[in-house]
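Here you go, one structure.
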Amino acid sequence: MISAITKAFSNLLKKPYTCNYPVTPVIKPKNYRGLIKFNDEYCIWCDKCEKVCPPNAIIFKQFEDGHKVYNYNPYLCIYCGDCIRACPKTGDALWQCEEKGLPSISKDAPNDDWFILEKEAKQSRENYKAIKAAKKKS
Amino acid sequence: MKKIETNSENLKDDISAFYDYKIWHYITVNGVDLGDKMEIQYLFKKYGNKEEVVCYFLTMDYEKEIPSIVSIIPSAYLGEGEVVDMFGVKIKEIPKGLLLEEDSCQAPLRKAQ
Amino acid sequence: MSWFLALFAPVFGTLVSGIDRVVRARMQRRLGPPLMQPFYDMFKLLDKRPMMVHKLHIVLGVMHFMALWASIALFMFGGHLLYIIFTHLLSVIFLILAGYSVRSPYSHLGANRELLALFAYEPILILMAVGFYLTCGSFEVSVITSNSPAIVSMPLMFIALLILLPLKLKKSPFDAPEAHQELCGGVEIEYSGFFYEVIYVSKMTEIIFVYALVFLFAGQNILLGIILVTGSFFLVNAVDNATGRIRIDHLVKKVYATAFVLALLALGWISYV
Amino acid sequence: MKKTINIPYGSQHIALLEPVRFQFETQNEKIVGVKADIGYVHRGIEKACTSTFEYKQIPSVVARVCGLCAITHSLTYVMAVEQIIDVNVSEKAKYLRMLMVELDRIHSHMLCLSHTAENAGYEALFMQIMADREIIMDIQEAISGNRVQFDFVCIGGVNRDITDEIVKFIIKSLNELQPKIEDIFDMFENNWSLSLKYKGIGAITKENASIYNALGPLARAAGLETDVRAESDYYPYEKIGYKMILEQTGDIYGRNRVRLREILSSIDMIKNILCDIPEGNIIEKVKGKPNGESVARLEAPRGEIFYYLKGVKQAMLDRVRTKTPTFSGIPAMVEIFKGQEYGDVPAILASFDPCMSCTAK
């Protein structure tokens, strides 16, 4: 107990462990798992990342002429990196940066549009398939 | 996993003949839905050696009632309570409502629903 | 001067409480809250909606604060030490009655413990007053503060008071009556909004009362008084950061075994010398 | 006649960070009856694993059962899946998994110790242990890229390799941590108020521990020899110097001692692991769909964790059963509470290290 008391006094002179977080930034280690970045120039549109993603944070929407658009929801992403490992063009088309994802408050409703988009994307695939099938027939 | 079959009549006799709290570590009670029947498993492991897990199992109809093993293993009421809640099976003297409430979805892990 | 001190005692108490929180945080190597945090808390509590159980509960809470303030005012005006101690006792009894007046089990247990703690420290406070009478020849605070320092003639009594400090300030090891992990604050749990603020302020005003008693040991020597107060302030905080909370039955036993015995010894010493 | 006061403890309580409710019947603050109510936050993860997610995605899902034992949940699941679909994991991946599990054990034990200290009213020790725990969190962040949710293991191996730089960093940090742990050990051993709070409080006998199926540190503090690390040969624990840590007292003091000694032995084990990590692939290719049943057990910081899987040649599993340590520990906990003082309840409860997000998964 005496040693603890002396420690309490000596701690008064030492620097605190904690920091004033939003004002003083914290140091992140190298290879921190952050947001997922995408470059459509190199993408081969194989949809593998979409299939493996556990929370469905990557969605490809397909248009009638066949080209796809990549959509990514940082608020749904769990930064597990499964998409990066599934990607055949890792580093060029899809990579994980060290940037931290920003928090969101429920007022912004970041996921509401996303779930609508999810349905639309599903529908767009089916539409495209139907168009393709119709073309084959003709 | 070593599986030993039993049935609802012999369950209590089998378990009480087999279980000694000084030798066996009771792991849990587990339920598996086989589509039209239920399989209830009682899993045990021996303390301090590397033998495999021993599993006593019985198959039962959804509506039948099986006896509880709480009189033999006092801590089994949690595992049995979970099976009762999740699969809606009937076990004697084990009430519903350990994990789920009255107004929540009943027997969520059953396949028919 | 006395008017000023008596009137602004709650404000000083709040300020000391702010310093206390910063010191405690630094002793744990944290940054801690800003100095004015207790004031911010008070402003926040003003905005909250009071949800009180019944009127008697409110009245007892307010009476607790008023009695405590009155005892401090008596002190600042140099009144009779026994009156001061008994006014303070009255304020604590109001709080205990408030604890019993609601049906929450935490409040009841808190009141039980508060009562036990009262049994532990009240005799020692009275013995201390007797000690002052024996050394200074009077119970009047104004007489005691114009005499030579009483700590010279009864150091053991001062140590007894030091043991009581954590008990009165609700700091470990003697914070069982409040014990937020067990009782969520004990007697104060059913207060809310503005009325909780009254209890909150009176908790901080109590700091002034306790350190005023410490100051009394310095007599007319103001510099010594300041040294005693700051020294005991840091010591209490250090002990708070070096011990856990002991149980209420241990608390009563330990306080009687140490502080009460020391106080008796001090009295014996004074009358012998 | 003594008056009985019923004290609800939880599901929202200052000292209890978990949604569980204990109802204590007390007479003069002595507990005469206890009821436990779990299941406030049932999230249906077992259902989600069999209806929404494919078996390859589940390691990420079960990791979110609990933040503290994230690695043990996904690892036990992965071990069970690997048994079904016959994947042989390389030695290197096994070593890396062991490394992560032991790191997880250290930080979880430290968290438990700090809570035990805080609930005994010793705030400064809580802050001190939490500050020292940051060292382990930094190591974990360096290895896996995230503080809490590691997502480190995957079916067939591990996701990230370890570099020489990280190895050096780990050894440096662990050398820094060791004297700090010894310092904390000294505090728990010699502090006057803590010995009043811990010694002889919340004790369980070896007999009762095995009747009520106590697990992990709770059982080992009572002298019951149960540790999955010694009961399976999946991981080469003997090679890296595993010793079972036993105490005989069974009280809070004994449990704290078990945890502290396990931290020290885990530090030694990690150093041994880092010395002889074998060469090899970290990940094996996985093909096929699970068909059959399997079980897997692992020693989580709180005790035995158990997974039962059943697959029927589909990408989705037929049944995932999770048995978590706290879930089986509750009967023993209820038994310990009887006859204790209410004032000791927070410290006793914290010394069990209950994890309700695991219990009601």
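So that you can tell them apart, the chains are marked A, B, C and D in the order they are listed, and the count of residues begins at 1 in each.
Going forward, contacts are C-beta pairs under 8 Å (C-beta built on N, C-alpha and C of every residue); 3 or more make two chains touch, one makes a residue touch a chain.
Treat the numbers as computed from the prediction; the structure is a model and nothing was measured.
> Consider the two chain pairs A-C and C-D; indicate the one with the greater count of contacting C-beta pairs.
C-D
> Roughly how many whole angstrom separate the Cα centroids of chain C and chain D?
Chain C and chain D have C-alpha centres separated by 42 Å.
> How many angstrom lie between the CA centroids of chain A and chain B, rounded to a whole number?
Centre separation, chain A to chain B: 41 Å.
> Where the centres are mean C-alpha positions, what is the separation of chain B from chain C, in Å?
Here chain B and chain C have centroids separated by 58 Å.
> Residues of chain C that contact two or more other chains, please.
If we look for residues of chain C contacting two or more partner chains, we find 27-30, 241-243.
> Where in chain A do residues touch at least two different other chains?
Chain A, residues with two or more chain partners: 1, 4, 8, 17.
> Going through chain B residue by residue, note those that touch at least 2 other chains and give them in order.
In chain B, no residue touches at least two other chains, as defined above.
> Considering every pair of chains, which are in touch?
A-C, A-D, B-D, C-D
> Can you check the complex and tell me which residues of chain D touch chain C?
Chain D residues touching chain C: 5-8, 13-15, 29, 117-125, 127-128, 131, 191-194, 196-197, 341-346.
> Once bound in the complex, which stretches of chain A touch chain C?
So the residues of chain A touching chain C come out as 1, 4-5, 7-9, 11-12, 14-20.
> Could you list, by residue number, the parts of chain D that touch chain A in their complex?
For this pair, the touching residues of chain D are 53, 56-57, 60-61, 64, 124, 131, 134, 138, 141-142, 144-146, 149, 151, 154, 159-160, 186-187, 190-193.
> If you look only at chain B, which of its residues touch chain D in the complex?
Against chain D, chain B makes touches at 1, 21-22, 25-28, 30, 32-33, 41, 43, 45, 47-50, 53, 55, 73-75, 77-79, 86, 98-100, 104, 108-109.
> Across the complex, what residues on chain D touch chain B?
38-39, 42, 44, 46-47, 50, 210-213, 224-226, 230-233, 293-295, 297, 304, 306, 308, 310, 318-319, 321, 323, 327-328, 330-332, 360
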